[in-house]
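Let me begin by handing over the structure; questions about it come next.
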Amino acid sequence: MKIGILINEGPFTHQASDSAYRFTVAALAKGHEIYRVFFYKDGVNNANKLSEPQTDDRNLVSLWSELGQENDIDLVVCVAAALRRGIKDEIVKEGFRISGLGQLVEAGIQADRLVVFGD
Amino acid sequence: MEEFEEPGPEIVKRFMYVNRRAPYGTIYAHECLEVILVAAAFDQDVSVVFVDDGVYELKKGQDTTDIGLKNFSKTYGALDDYDVEKIYVEKESLEARGLTADDLVIPVEVLAAKELGEIMAKQDIVLGS
Amino acid sequence: MKTMLHLINKSPFEKNSLDSCLRLAQSGSSILLIEDGVYAAVANTEHAHRVAARTRDLSIYVLGPDVAARGLSDSPLIDDITVVDYEGFVDLVAEHDANQSWL
Amino acid sequence: MKTMLHLINKSPFEKNSLDSCLRLAQSGSSILLIEDGVYAAVANTEHAHRVAARTRDLSIYVLGPDVAARGLSDSPLIDDITVVDYEGFVDLVAEHDANQSWL
Amino acid sequence: MEEFEEPGPEIVKRFMYVNRRAPYGTIYAHECLEVILVAAAFDQDVSVVFVDDGVYELKKGQDTTDIGLKNFSKTYGALDDYDVEKIYVEKESLEARGLTADDLVIPVEVLAAKELGEIMAKQDIVLGS
Amino acid sequence: MKIGILINEGPFTHQASDSAYRFTVAALAKGHEIYRVFFYKDGVNNANKLSEPQTDDRNLVSLWSELGQENDIDLVVCVAAALRRGIKDEIVKEGFRISGLGQLVEAGIQADRLVVFGD
């Protein structure tokens, strides 16, 4: 089954990104395809490569980047939400790409399911 | 409506946008509206719902001059231009806030929770705020 | 006896911040409703009676710019709630010995 | 008839998300409690009776990893609530025709 | 206690940290604890309060292995090492959640809302989460 | 009177930073001194100089930066919260400085009032 994911909150402040990450890992393990992960609202902060949590904490930016690249997942950061919040190409982690809101709507159309994680 | 359940080559899905937040205190209402306006350009079956504090997004007379945020309440009027015509407001949410449809910036269909719940249950994609 | 100003910025319909504040605020203290907290100042809502019941032992204020932003300038407010602007907000902070935000 | 999975990630003590979901969810649909939503699955709380009353017409699930994180693994849960892990979460999403997050 | 009301050259103020959020769903509880541990190094009169879902921060038996977040509940035990001894939990919040002081990771003073409210009203600085 | 300000949320997502800004402007107009503005939790995002809102929207990062420099206000970004969220010197707007949580406690001690804006 093709599953799309929408993440509306940044890393750390809300559990949304953690929950979405674990859901995504479990979905891949069960053989599902992740059609796209779309980062909207504060979710765009998940792509900030300058993020440097304490060494005993999880690094969500790296986790998403690695998961995306290893499994060829399309990680899309909303350009409008990102500009407002200062998430620009120069600080976007590899594996993420910046694009428009149409990519979210398209994920809703093309995927069999869309699951929303937020606050 | 069975043909919508198994989308064919030209997929048409039922998208519902559920607004449950007051405006200005958070950006959720505003950024949800941005999605709706983009979504309207796709040929899908779009409906927009206002429940809980989401009904406050439509309150007439908003004037944000003194808080410095953009007043986006007038943008809801553009939904009609974008052919978004299914706009539902929950009756119970209005009543709890002492409001009626006359207090809102656009014409809406006011539905009791029971009827609204039935419509929600038929959607393919529900995006909440 | 210190004087305390309580700040509420959450809608009483959405979150429990106002409930907790009303439960713990001492008689004689003040409340200022700001941001989405201003909905608690409006008359004729589901929550209005709970706020109205405390206007005798608490001084309740609401931030006018947030009221206007939300289209409530012409809506009747609960009796005995005072509207202030940002300068009034500053005065309330200065006049009370301490303040507490119920987030 | 489509089948709908409702996702709740908010504490019923703090926010009105569960209330709204219970008001609008149709009989026969399912609810999965995740993150701070898992507190709604615990027996003997102020909100437990409202959830328990719906276990007959709704299928209610709770995410085990979030239950364990919050120290509730040994707490009695409301009867007829099923604990699932992340793989069970994925299965619920796949088995239902659609899903809705009440944020 | 009048001498605290007008701080002199060696200022000692009453700082109260009010925890009202559940752990893990948001970072508020965790980052509030970080402030408390830093604040403890200053010679001030510190108290820590748990009300509403904040009482869940102290629930025994937390195991975050399967959600990937740090379990910080054991850090509350360090409050005693930092000489933070005024730790209050609201009785009404515990009862609403079916909890008692025995369910908590550290010894606390359980106070009814009325008594707790009186203590809150005496603070100079209240930082809530 | 000396007033300290604590901001716990980033720009745009919550009104906290807007409210704090307007409160600060009003306090200065009334002759009060702003002892310090401390940015904690997601509040550290108020210092991200890459933020680029739409042209008809307010730019809170610039507003704080200008207000701080014109009135010599100490704008302090919490280092622990900032590292986690990827707010580092290379993207911090002029007028802000990164420092420790002790600066918040000190503001509580030294200022006559501390006002908290957050979610």
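Per-chain numbering from 1; labels A, B, C, D, E and F assigned in written order.
The rule we apply is simple: a residue touches a chain if its C-beta (ideal position, glycine included) is under 8 Å from a C-beta of that chain, and two chains touch if they have at least 3 such contacts.
If you're wondering where the values come from, they're calculated on a predicted model, not measured in any experiment.
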Any chain touching chain A and chain F at once appears in the list B, E
If you take the mean of the Cα atoms for each chain, which one ends up farthest from chain D? F
For the chain pairs B-D and D-E, which is connected through the larger number of C-beta pairs in contact? D-E
Report the chain whose mean Cα position is at the greatest distance from that of chain A. C
From the mean C-alpha coordinate of chain B to that of chain F, what's the distance rounded to whole Å? 34
Centroid spacing, where centroids are CA-atom means, of chain B and chain E in whole angstrom: 40
Please tell me the distance, in whole Å, between the geometric centres of chain A and chain B computed from their C-alpha atoms. 25
For chain A, jot down the residues that touch at least 2 other chains. 12-13, 15, 19, 22, 41, 57, 114, 116, 118-119
Would you give the residues of chain C that are in contact with at least 2 other chains, written as numbers and ranges? 9, 13-14, 16, 35-36, 65, 85-86, 98-99, 101, 103
In chain B, which residues are in touch with two or more of the other chains? 24-27, 52, 67, 69, 124-125, 128
Go through the chains and record each pair that touches. A-B, A-D, A-E, A-F, B-C, B-D, B-F, C-D, C-E, C-F, D-E, E-F
Listed in rising order, chain D residues that touch chain E in their complex are 9-11, 13-14, 35-36, 39, 42-46, 48, 64-66, 68-74, 85-86
Looking at the complex, which residues from chain B come into contact with chain C? 21-26, 52-53, 56, 59-67, 69, 71, 73, 96-98
In their shared complex, at which residues does chain A touch chain E? 12-15, 18-19, 21-22, 56-58, 119
Inside the complex, what are the residues of chain B that reach chain D? 5, 18, 20, 51-52, 90, 92, 113, 116-118, 120-126, 128-129
Of all residues in chain F, those that touch chain C in their complex: 1, 3, 8, 15-16, 19, 22-23, 25-27, 29-30, 32, 113-119
